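In what comes next, chain A is part of two complexes: it sits with chain B in the first one and with chain C in the second one.
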Partner chain A sequence: MLITRSVHITHQRITCDNQTVFETSDVNIFTEFIKAGFKSLNATYPKFYKMDSLSKLAFVASEFLLRDQDIAQRYAPESIGLVFQNAASSIDIDKDHQLTIQDRANYFPSPALFVYTLPNIMMGEICIRNKFFGENALFITEKFDAELLYNHITVMLAKHKMDACIAGWTNVEQEQYESFLLLIEPETMVSNSKEFRTFDAANILKLYTI
Partner chain B sequence: MEEKELIDKLRKEIIQQLNLEDMNPEDIDPDLALFGEGLGLDSIDALEIIVLLEKNYGIKIEDPKQGKTIFASIRVLANYILTHQKPQ
Partner chain C sequence: MHNVFVVGQNAITSLGFTLAEHIDKIKNNISGVKRIDDKVLFPESFYASLIDNVLLHQHFASIGNPDSYTKFEQLLILSAHLALKDSTVNAASHKTIFIISTTKGNINLLDTRQSNSFSADRVYLWKAAQQIARFFGNNNTPIVISNACISGVVAINFANDLLNSGAYDNAVVIGGDIATEFVVSGFQSFKSMSFGICKPFDAHRDGLNLGEGAGTILLSTQAADCDAKQSIKVLGGASSNDANHISGPSRTGDGLYFAVTKAMKQASITAQDVDFISAHGTATPFNDDMEAKAFHRAGLCDVPINSLKGYFGHTLGGAGIIESVISIQGMKENLLFNTMGYEEFGVEEPVTIVDHLTEKEQNYILKTASGFGGCNAAVIFAK
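Right, the complex of A and B next:
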C-alpha cells in the first residue's frame, strides 16, 4: 500500500504533498479562513455553509486531497473507507447546542446544530459528497497517533473491508484547528510514473511532522 | 404587519437561520417552492423553520405533516403567520 497524497491544514495555510495550495493572512479567525479556503476550490456546494467547524475543516481537507484523483471511478463506493482521529470530539458545537437548551424559559434547540453533535458526522459529510459507502472509524485520542492509525487500517485492509482509505487527524477547538489527511491506495492501482511513500507508521509520522 | 413587509422579513430570517450564505433576500422569489426543485431546502431546514416560527412568531406547528402545506413558498408561509399569529 502507498500513501498517494497528503493534505495538511493549520495556521491559515493549506498544503498538499507539502506544497502550499492556499494561504491567507487577510483573515485571522477560523470560520473566515476555512470559508476562504473552500471558495478557493471554486466548488458549488451550498451545504458546506450549514456544517459545523469540524465538518467544514474535514470537508475542505478532503476536497483538496481528492481533487483530480478520480477515486470514485477507480474504486467501488463500498471499498473506500475512512479512518479519522481527533482529540476534542465535537466540543465546540456541543457547547453551541447547550446554549440553545440551558434556559428553560428560552428553550429552542436548533436541529441544524444538534445534527453535528457527534464528531463522526465530519466523515459522513465527506461520504455524502463523494458517494462513498465504505467502512468508517473515528478514534478519540489525546494527540495524533500514527501507530494506531496504521494498525487499524492494516487490519481493515487484511479483512478486505476496504481497498482504499482516507485517513488522518482532524481537530477543532475554538481557534485551534488542524487537519492532516492521507490518501492510501494499493500499488496496483496507481501510476508508476510517480514515487510514493510506502504506507507505514514511520512514513505517516514523517509526513505529519514535515 | 403587511404581507409584503412580512415576506421581506422572512426572506432575511430564512437566509440567516438556514445559513444560505450565497443568497441575497431578493434572490428568493416569494412564490418559489421552498423544498424540492425550488430553493432546495432539506428536512433539517424544515425543522429549523418550525423552530423559527415558534421563536420569532409564537406559532407552534404541532403536526410536522402540516409543514408540506405551510412551507409551500415564502408567500404561503407569510399568510399562515398573518392568520395564525396571536395579537401581542
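Right, the complex of A and C next:
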C-alpha cells in the first residue's frame, strides 16, 4: 500500500505533499481562514457554510486531498473507507449547544447545531460530498497516534473491508486547529507507484512531522 | 488468525444491574421506559429509560469511591466490574485492552450551573477512558470509539479485528451514555421523541425513547476456560456510510445494506444462515423503513427481527453493546425476545418482526446499528 497524497492544515497554512497550496496572513481567526481556504478551491458547495468548525476543517482537507484524483471512479464506492482520529471530539459546538439550553429565559436548542455535536459528522460530510459508502471509524485519542492508525487500517485492508482509505487526524478547539489527512491506495492501482511512500507507521510520522 | 470468543457480559439500564435481571424482565414484557417529569432534564415531561441514581451510587460505593468518578465513569466501571468478576480475564494484564464506546461521555461537566470537583479535562473522552482503564489497574492506552449511535457495534468490530491480529489476548469492550439535558434537548429539538413507549416497526410509531445505560462484552482469544457448548464467537463485521444526509437515514437503505452484506462476507456466511437479527429499530418513521428496505434487499425478509428499544430506550453509545449482550444471551437460551411496543406491522418491506417470546435454535445472529452522520454497522455472532 502507498500513501498517494497527504494534506496538512494548521497555523494558517495548507500543504499538499509538503507543498504550500494555500496560505494567508490576512486573517488570523480560524473561521475566516478556513472559509478563505475553501474559496481558494473555487468549488461550489453551499453546504460548506452550514457546517461546524470541525466539519469545515475536515472537509477542506479532504477537498485538497481528493482534488483531481477521481477516486470514486477508480474504486467501488463501498470499498473507500474513512478512519479518523481526534482529541477534543466536537467540543466547540458542544459548548455552543450548551449555551442554548443553559439559560432557561433564553432556551433555544437548534437541530442544525445539535447534529454537529457528534464528531463523526465530519466523516458523513465527506462521504456525502464524494459518494463514499465504505467503512467509517472515529477514534478519540489524546494526540495523533500513527501506530494505531496504521495497525487498524492494515487489518481492515487485509480483511478486504476496504480497498482505499482516507485516514488521519482532524481536531479543533477554539483557535487550535489541525488536520492531517492521507490517501492510501494499493500499488496495483497507481501507475507511477515508485514516486510514492510506502504506507507504514514510520512514513506516516515522517509526513506528519515535516 | 485468532478466533475471538465472548467470555463475559453485563448490561446496566433501568431494567437492572445484571444481565439476568434484564432477561427476566424482557421475558415478562416489562419496560423500563417511563414518563419523566424532571425539569432539570427537560422543561416538559417526556418518556425515557433512566437509571436510579441512588442505586447506582450504592452499587458503585461497594467497589470504589463515588466522589472520585463521574456518573458516566461510575456506570461504565460498574458494568465492566460486573462482567469481569465472573470471568477469568485479567483486567490489569498488558495483554488486555480497554475499548470504550460513547457518544458524549462526561458532557454534563460543561454545565456551568452545576459545580463539581472534577478536573476540566474529564470532558475529553480519552481522559474519561483513562479513568476507567486505570480503575482496573490497566496501563495500556484505552481506545475510544465515538461514531454516534453505531459506536458500540464499531467497538466490537474493532476489538475483533485487534484480537484477530494477535495484538492482545483480551478486550474489555464497554459502551454507554448517560441521560443529560444536553442530549434530551437536542433530540427534542429534532422532534424525534415518542409520546409514549416507542413502537419499533409499528404502523403507529412516532419516535424514539432516550435511555441511559452501559454494557460490557469481554472478548478473548483464550477460550480454553469457556464451556465449549456455550461459547459464542465474533465472526466478523463491517460499517458503512449512506452518503445521503447527516441527520436523516437514507431513503433506500443502501448504506445499511452494504454494512450487512459486508458483515456476512466477513463472517463467510450467507443470508440463509442468519437465524435472527437484532435491529437498531429506534421507532422513528424513517429509520425503521430504511432498515426494512436494507434487510429486504439483503435477502433477510424471512429472518426474525426484533428491536429492544421499547425495554430500555435508545442508549446511544451503549446501544450496540447492550443489545448485543442481550441478543447473545437469547442465542444461548435459544430464545427470540419480543419487540416491546410493536403491535401492527408498519414498514415498507415485508420483514418478519418478533411479536412474542419465541423458542428458536440460533447458530448465527446479526446485530445492526445506524446513526447520525449516515453511518451504519453490522456484526455477526456465532455459536
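By our rule, the second predicted complex is superposed on the first by the 208 of 210 C-alpha atoms of A that agree within 3 Å, B and C clash if a C-alpha of one lies under 4 Å from a C-alpha of the other, contacts with A are read in each partner's own complex, and residues count from 1 in each chain.
In the analysis below, a contact is a pair of C-beta atoms (placed from the backbone, for glycine too) under 8 Å apart; a residue touches a chain by one contact, two chains touch by 3 or more.
Just so it is clear, the model here is predicted, and its values are computed rather than measured.
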Contact breadth on chain A, by residue count: chain C or chain B: C
First (chain B), second (chain C), both or neither touched by A:P46: first
A:S89 touches, of chain B and chain C: first, second, both or neither? second
Partner chain in contact with A:V115 - chain B first, chain C second, else both or neither: both
Common ground on chain A, meaning residues reached by chain C in one complex and by chain B in the other: 109-111, 115
In the complex with chain A, residue positions of chain B that touch it: 18-22, 40, 44-45, 47-48, 51, 54-55
Residues of chain A that touch chain C when the two form their complex: 77-78, 82, 87-89, 91, 94-95, 97-98, 100-102, 104, 107, 109-111, 114-115, 117-121, 123-125, 127-128, 130-142, 145, 148, 151-152, 155-156, 159, 161
Contacting residues of chain A [partner chain B, same complex]: 35, 46, 49-50, 108-112, 115
Partner chain A, residues of chain C touching it in the complex: 43, 103-105, 107, 110-113, 123-127, 129, 141, 143-148, 150, 154, 158, 161-162, 164-165, 167, 181-182, 185-186, 188-190, 236, 238-247, 254-255, 258, 262, 266, 371-375
